[in-house]
Amino acid sequence: MKLFQTAIAAALLGATALAAPAHADVKIGLIGGVTGPIAAMAPPMIASAQLAIDQVNANGGVLDGQKLIGVVGDSACNPQNGTDAATKAVNIEGVVAIVGPHCSGAVLAVANSVTVPAGIAIITPSGTSPEITSLDDKDTVFRTVPSDDYQGRALARTLLDRGTKKVAVAYLNNDYGKGLAEAFKSEFEAKGGEIAGYAAHEGEKASYRSNLAELASGGADTLVILDYGDGSGLTLLRQALENGFFENFVGADGMKSDATFKELGAENLTTFVASSPVGEKSEALEMFNKAFSEAGGDPSAIFVTTSYDAAFLMALAVEKAGGDKTKVAAAMREISSGSGETILPGEWAKAKELIAAGKAIDYKGAAGDHNFDEKGDVPGAYALFKVGANGFEMIGEMK
Amino acid sequence: MEWIGFANYAVFMAIFICIYALLSLGLNIQWGFTGLFNAGIAGFFAVGAYTSAVLTSPAADGRLGGFDLPFWVGWIGAMVAAALIAWPIGKICLRFRSDYLAIATIGVAEIIRLVIKSEDWLTNSARGITDIPRPLGDLSYTMSQLAYLGIVMAILLVAYLMVERQIASPWGRMMRAIRDNEDAARAMGKDVPYRRLEAFIFGSALMGLGGALFAHFNRSITPEAIDPMVATFLVWIMLILGGSGNNRGAILGVAVVWIIWSLSEIVTDQFPHEYAVKAKYLRIFLIGLMLQLVLRFRPEGLLPEASGERKPVGKPSD
Amino acid sequence: MGALEIINFYLVPGLVVGSIYALGAVGITLVFAILRYAHLAHGDLATLGAFLGLGLVTALGISPYLALTAVMALTAVVAVGIDRVFYDYLRERPKIVTVMASLGIALMVRAIVQMVWGVDSQTYTRGIVRPENWFGIRVRDRELITIVAMIVLVVALQLFLQRSKWGKAMRAMSDNPDLALLSGVDNGKVVTITWVIVGGLCAAAGLFLGLNFELKAMMGWSMLLPMFAAAILGGVGRVEGAVLGGLIVGVAEEMSTLFLPTEYKAATAFAILLLMLLVRPTGLLRGKVL
Amino acid sequence: MKPLLQMTDLHGGYGDANILHGVNLHVAPAEIVVIVGPNGAGKSTAMKAIFGLLKIRGGSVTVGGVDITGWEPNRIVEAGVCYVPQVDNVFREMTVHENLEMGAFLRSGDLSAAYDRVYGLFPDLKERRKALAGNLSGGQRQMVAMGRALMLEPKILLLDEPTAGLSPKYMEQIFQISRDVRDTGVAILLVEQHAKQALAFADRGYVLASGCNRHEGTGADLLADRDVADMFLGG
């Protein structure tokens, strides 16, 4: 028994003592699903958040010229690792705020058991579950990605406007796919459209041909794929194209992935469109695209715009709050309230000056204007994209 | 020096260790003392977590329950539900030898996971259940963490003492006899299948309780939590590393694995941030390597079963 | 629904996936029968094979079919190496220890794949391939090649096992290990040969999976359980049983969408497995019950 | 004559407890030696000890003067000793012929003479050479097992209760074949439950009790010994 007690005590001590204590830099957590089911999406998301941090540091840093540091944590998209990473970030690294986690399940667990009780603000770039809206979060949980609800409905209206009255829907059986699909279905049917096939699928299967055959048997010529374009969504799209199950393909932001045309070829994707949240001033998106491309990133990767915005917003909030972690959440609302001087992606020096002068600012990001509602959600504006010669091209805004 | 931060993290880790220790104890009853290769821990964990969630969360549209009952009702319900699920599975699967039982239980756990992910009316499907009350959860962050730690420690202690007592009893001796030489035990007139079923159900109930404690700690439960990697294989690594057949070993294994998991992140965080993502994979690699080293140099675990009580499971040649 | 539709959209894809399952299941059944444990790193070894193939295809610009033999050889070497470095020491230990070790190997191999090749979906060749139409039956070259290659590999393996001296030694080791040792069979050599074959089959399974679908770091892990189901369904130790099991699981998964909600497609393999264990634990072809 | 196989003061057993407490025996070339004794006397254990299948804690085993104590089974086989276990002594899922092939695993070159010899000794097997060994009767299986062992042309053949569970007809046949084998120059050491019949046909015998030598001598002498008769022959 003695050995046992000593071993536990020693191990606990060791674990805590080895962690280097925080120093003068200001840290924010970048918690994402680095390993696990969305591993393919996480690296560019973290890279774009890191871009925001680099821009901050290149333009004077935060507060009195301190360096902003992004501490990467791995939530592996499950609550176990998510809460561990968040607790570590908050308590050991001493972060003032967290960008992430990426997956809704991890967001719910982290918010409920770590950050809300500890009073730390978090902003997720990709947790799209409607459940996050109803969190009792003491106003500390934000997101730069609209709830699935909005996008699903917007996509339904847009399709009807474009004259598509009958579709089949294939959605990934997780919070993202299901949330979008349900919103899409109710709006599409309410506005007079017909859903001629509606089925969930598990990710990571090799063949979806029988799923597609089932969906196609309803007689629709348009398939709505609510999945990830570098995951099973790609497999589904490929098999639908190769076997000629449908003529037109529609995706949401998850499908707006370069993997689609890189692997399938743009020439094969002429009938494929995908929606994605964009800022009202598309200038903001262009600025981000330029900066991220220069940094070696791929601006059309999934959730990179929301990740960038989340990190930039968080930096602004930290600056506004004077580095006080208890005030970050309140500051978040002030810097993107819809009124004040407009700040676009990368305009850190300008924002820092204005904040120092006590003037109101309003961040308008690459993925939207981010005027948070009372739940910390953003309504989001969307545009529809098609695949052109140079990747995705915007073909029109969505209502 | 932010010692309070370290202390907070240590408390968090201790809570996790206690919750996983329940899973590990449950598995120890099944594998360590009875020789049942249950590779579907995630399934029982899930049943417990969701049962308690349904029983204790406030009413919600579109799914079963939201009965808003006190947390302890949920926890008892979790154990009962896990035991009830274990009964038919055990009835069917315990006829098979270790590897087959393993694969059968993996299959059952996967089916449970798919049901939880897909059935709106039962579990709110992929979105999971939130608003699960945490006892004493209204206190400040540190106090509520400490309070929860107290609760889970007390539960773990009770479970540990109960299991120890049971193992020291004639029942425990009989279980070990069955494990080490089933034919001899059968020849002595023991009702071997019934005894094994008992152990399977008892262990599964503890796993269900672990799931419930986990759900209440996070105040939410989503299907991602029942991924076989984190809810099944991790527990196995913990038990084998700690020393199966020894309850203290089972608990120590949990502590060591969580701490190594944590430390490995601190180590891989030393890489420049360009490599931050790759470092997370390196971390997984290191965990795998660590497992190899333990199996190679300390295959009986850190705290082996007391000598004289045990022969190795299975003959070397079989 | 017409017969052609059933063939084109359910049977053909089922047979293609089933052939890939079969290649994996044959390896699993050999490990089960000769080494006597469940090898959990099997799927990730297949992933490694697929990505080694990608490495060759991109570095040398050759077609994936050409890369097949090289990749099989490379993966065989890796498999033998893994056995020497990690599993061999555990031979005298209870088998569960080796099962755990193989889980650790699965994590390690996957981590290496993720570090070297990243985690994006990738393909051997860009673009899409529409199927040929043979009197209404729509099938692609790559699908035919997958099925034919599986058959060729399995027939070659069967010939090896039935005709060659060391093939017989492997069967003897699977049948009665003590007696095999008493007959002077060198256990170490049988183990090595087994891993050469298993590694090669893993690589083939991975390569054909990548060829027909996409390459992903998790592709092998998610195939592992259906492969186990196939091996047990066919009867442990039965090569032809593993093939049969693989094809049945593959076709059943595709057919399941006719009866079940599609989100339960992944459960088909387990349902078949549980049913099999319930009514006939020796598998279709009377394998061993370990 | 110099013994072919010599076991000197052997101690050992499975796990912690010793079963053998100093067993001595030897076998000369082309000699049939039988070990008899009551249940639990350590007869089979003594035979397994030759093959290193248990923990040896003292004593030695030599073959042709070479100490083989603690060798790996495949090296002992190479040294010319073949062992036929009591149970599980055939490859059930292989044909009769393949069983013989496995017996000749260590040999190379033209084996047709060896097959002819074995099929000559066991004509029954020749008829059923394509049958799976698992589908044969108990007596036929025992023949396959002996045939498998003989394929290596060993100097000495160890048979562990070859007649257990066989009908008297098969028992006689096995004994007869054993003599034929002996006549081709192979020594045979066997453990027998049917002590009376075994001692009648063997050249020499050992009586073991409680893991120790009790009596030894020619078969006829032992059969005549009153002590031996009292111990277990019963009459």
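Labels A, B, C and D are assigned to the chains in the order they are written; within every chain, residues are numbered from 1.
Assume a residue touches a chain if its C-beta (ideal position, glycine included) is under 8 Å from a C-beta of that chain, and two chains touch if they have at least 3 such contacts.
Just so you know, these numbers come straight off a predicted model, no measurement behind them.
Most remote from chain A, judged by the distance between CA-atom centroids, is D. When chain pairs are compared by contacting C-beta pairs, A-B ranks highest.
Averaged C-alpha coordinates put the centre of chain C at 43 Å from the centre of chain D. Mean C-alpha positions place chain A and chain C at a centre distance of 36 Å. Remark: chain A and chain B have CA centroids separated by 32 Å (rounded to whole angstrom). Distance between chain A and chain D, defined via averaged C-alpha coordinates, is recorded as 75 Å.
Contacts with at least two other chains are made by residues 114, 178, 261, 263, 266 of chain C. Within chain B, contacts with two or more other chains are made by residues 114, 117-118, 281, 284.
Chain pairs recorded as touching, per the definition above, are A-B, A-C, B-C, C-D.
The residues of chain B lying in touch with chain A in their complex are 1-2, 4-10, 12-14, 16, 114, 117-118, 125-128, 130-131, 134, 137, 140-141, 144-145, 214, 217-225, 227, 230-231, 248, 251-252, 255-256, 259, 261-263, 265-266, 269, 273, 276-277, 280-281, 283-284, 302-303.
If you check the complex, the residues on chain A that touch chain B are 1, 3-4, 7-8, 11-12, 14-19, 21-22, 34-37, 42-43, 46, 50, 70-74, 76-81, 83-85, 87-88, 90-92, 94, 103-106, 108-109, 112-114, 117-119, 129-131, 134-136, 173-175, 177-179, 200, 202. Across the interface of their complex, chain A is touched by residues 1, 5, 8-10, 13-14, 16-17, 20, 114, 118-123, 126-131, 138, 140, 209, 212-214, 216-219, 222-223, 253-258, 261-263, 265-266 of chain C. Listed in rising order, the residues of chain D touching chain C in the complex are 51, 73-74, 77-78, 82-83, 85, 88-94, 98, 101-103, 105-106, 148, 152.
Only residues 35, 37, 39-40, 42-43, 173, 199-202, 204-207, 209-214, 217, 230-231, 234-235, 238, 241-244, 259, 262-265, 267-268 of chain A touch chain C when the two sit together in their complex.
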